[in-house]
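Structure in structure tokens, see below.
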């Protein structure tokens, strides 16, 4: 499966990641790290009311964490914070358990191959963990 | 007649002959024999999936990690734990109890605090508390054996007071065969804010119980007494109780971040499992539970009937002194006894000559032996594969022993 | 060309296919694969001899005890120890090092005392000393990595002084592949009255050494890195050094006499092995040594040639950064490296797709990773069954990885 | 082998042990215990010069330790202390290793079956351990 995973949209997103860097004047931000490989990532957000106006992610990491961060930013940007939180939970359930992907997360499907690949699920979750942490801030 | 034919065929060692006789294995309390499925699980692991765990990226390591974690889930299910994260793999009951003694009691108790245990305990559920008490300045109080040769539960309850921080007690005694009524003990302990740690070494394969229903805080088991391999066992802990356990070993796999002078521990349960674990043995313990669980009801019924049968036959042996309760409803299939004028080691030796394997000695219960007024006893113990024939051969053997040795 | 054909056939797992490809197992530093003889030893034990040890009188228990003690003698012989009594069985290197840290350092060190270790150590040979230092008030001093990416032995020697009580160092690094020149270190340590504990996890299967010649005080090994099963390892100690180790676990098998409040420990090495040990795993480790020892010379020659070959091939990969020394005479068959612009986890994943199994990560050496200026590396490591083909497939795989991923 | 062992002279000696009890005014004495089973035994001696004039053994133990104590007393009584010490060492080597029995210890041969029977060698050594301890006294 490895080859497929790397050939898919995943590689595209890691080669040409969306929404990289930092939001100019973030209202919310958080970091997350993967102790297994030392990868680190920072999510910065600008919320207007309950609306995620802008998302940026600064990643130093593997292809999976880069692609997952890029996909996350595209999915979340322009949506409500509570939706973003729900998607983070749904993505975790899909990756760590048996739950199916909701339609909103369809673009993440290639990464769902990691389901039976516990050593890498952390990479695919990293950006979402940081997102949850950022949105958890009051 | 009670028959175990359906199980016996699953245990290859029962084909062994000892001094030309078929093996009557009556030392299952020391360690159980292993079904073929467990032995094969080891072979399959090493022939197909062997790799170190700790999340190597490649296929074999993923497989080994998945098998290891799946074994953890099976142990959790067997004990009735809510989550696999409540299970820490250890070498066995002894290491599990010592982990609570050093990692919990060792860092939390203070002079004036009290640990309550009992005179009935196996050394593995006594010496760790002696060590923790010496180390912290806490004191250790032991509930006594009652006149009926069962634990004096009233006395135990009376020892639990405002200074009690920990109560350590076995679920099934490896000498008396008694099953401790834990309900009131746990309630009393919790009422004074004490933790309860249960030694379930003898219970895990022979009693139906559930850590949720027991409501104990910690519970220890050994894989090798549960039809699994040597080298693996488990500590169950309620999540908040496990969180209170300080790691007593440092090393690979248990950290999140390491600096030159300090380290930040990783999450449970890995935090308490430093170093490469017994991966294959854990997997084979999982296989043992896969074997046992669908048969559990039948096995327990079989063991109960056989316990009643053995009790009746042993009590009929002239002069035999049986220790512990005489009623089958009260006891597990563990029988400590002596013959008048016969040294238990001599008896065990002569019985071995007839293929009957049972233990002689203090059974790691010296304080209990002294209470019973002996230095050693014989001990016969049963398991899923034990048969009436095993019991009959023991009883017949005891006659020849008496004829040969009794003064 | 270097061929390992004569050994490969002994390792059943090498028949496995991964994603349709034959397995090229290059993670032997994490754990070695097991020869058929080891797997069979487990089966034979459980099908023929399984019983608890601790001197049951009956035949099976005598056999199990004899096999267990005979394994101890084999480990003693492999390490060059004078007596089996110098060998304590543990779960592995980690437990062995922690036993010295808690049982020796924990009870003997005082504020002002110093422990000397190195930045190169595996977490298992670092965190136990951090814990012992925190516990006793001693301080921990770490020798640094030299500019040539090997341990700066001069710096290590300069750290050993009158306050040094313990020096902890690995014989072979699991990242750099370097072999530490212990002679001067041990001499200096002994000159100031310090004890030396050697982490020989990576050396035990791949280097010829002898505890008498090393003159170290303690030495730790893991069975699973020595072609044996998981769940077993050993601590060697000089007799007077082992005598100084306080038991850190209490329980069955380690006592001479138990009262309600106190216990008198039994003799070594049992005193340091509380509870039912990993009997079958110990026996299978003995079988691993039976397998290895007659082949040792040939195996080491094979590994040395293959190390030279792998080094040459890896150094020829465009852009590849190899950590540690570049000369084969200085190194064991462990190669940590990175490809420019390629994350090691991605590389390991893609290599796995081609059946090439190697590790990516910090290899339980976070402080060393920081010194090397990376957070993770790839690591390929060799053993008796490794072949030039394994190396060739790794090198070929690295090209495809670069093509797929390098920016 | 067990049956043979118990049928041999061993049983005779345990049934009708020689030299039991205590010497009236011992010059030397010592105890030994087997932690495995709690067996205990006391050897009392009267030496005249280097001569073991009288030996008595008080045993609470199994057939093996009783027989071994009785045989020991018969072998040692009337002989020199240094011989007794040497025999103790030779008996230990024979039981724990591969050494052959010297002619003086021929009567112990039935107990040599315990050589491959580590759980019981302690029983066969117990009286000799106490003897060595007693003779070790100055």
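When the chains are written out, they are named A, B, C and D in that same order, and each has its own residue count from 1.
Here, a contact is a pair of C-beta atoms (placed from the backbone, for glycine too) under 8 Å apart; a residue touches a chain by one contact, two chains touch by 3 or more.
Values in this document were obtained by computation on a predicted structure and should not be read as measured data.
Between the contact lists of chain B and chain C, the overlap consists of A, D.
Taking B-D and A-B together, the chain pair joined by more C-beta contacts is B-D.
If you average the Cα atoms of chain A and of chain D, the two centres end up 79 Å apart. One inter-chain figure worth recording: chain A and chain C are separated by 38 Å, centre to centre, where each centre is the mean of the chain's CA atoms. The distance from the centre of chain A to the centre of chain B, each centre being the mean of the chain's C-alpha atoms, comes to 46 Å.
Of all residues in chain D, those that touch two or more other chains are 36, 119-120. Of all residues in chain B, those touching 2 or more other chains are 19, 55-57, 61, 255, 257, 345, 349, 352, 360-361, listed in ascending order. The touching residues of chain C, when paired with chain A in their complex, are 19, 343-346, 349-350, 352-353, 360-362, 369, 375-376, 404-405, 407. On chain B, the positions that touch chain A within their shared complex are 55-57, 61-62, 65-66, 69, 255-257, 266. Within the complex, the chain B residues that touch chain C are 12-13, 16, 18-19, 23, 25, 27, 30-31, 33-34, 38-39, 42-43, 46-52, 55-61, 91-95, 97-98, 101-102, 119, 122-124, 126-128, 130-131, 133, 140, 142, 222, 224, 229-232, 247-255, 257-263, 274-281, 345, 348-349, 351-352, 356-361, 364, 366-367.
Of all residues in chain D, only 1-3, 5-6, 11, 15, 36-39, 61-64, 119-120, 123 touch chain B in the complex they form. For chain D in complex with chain C, the residues that touch the partner chain are 35-36, 116-120.
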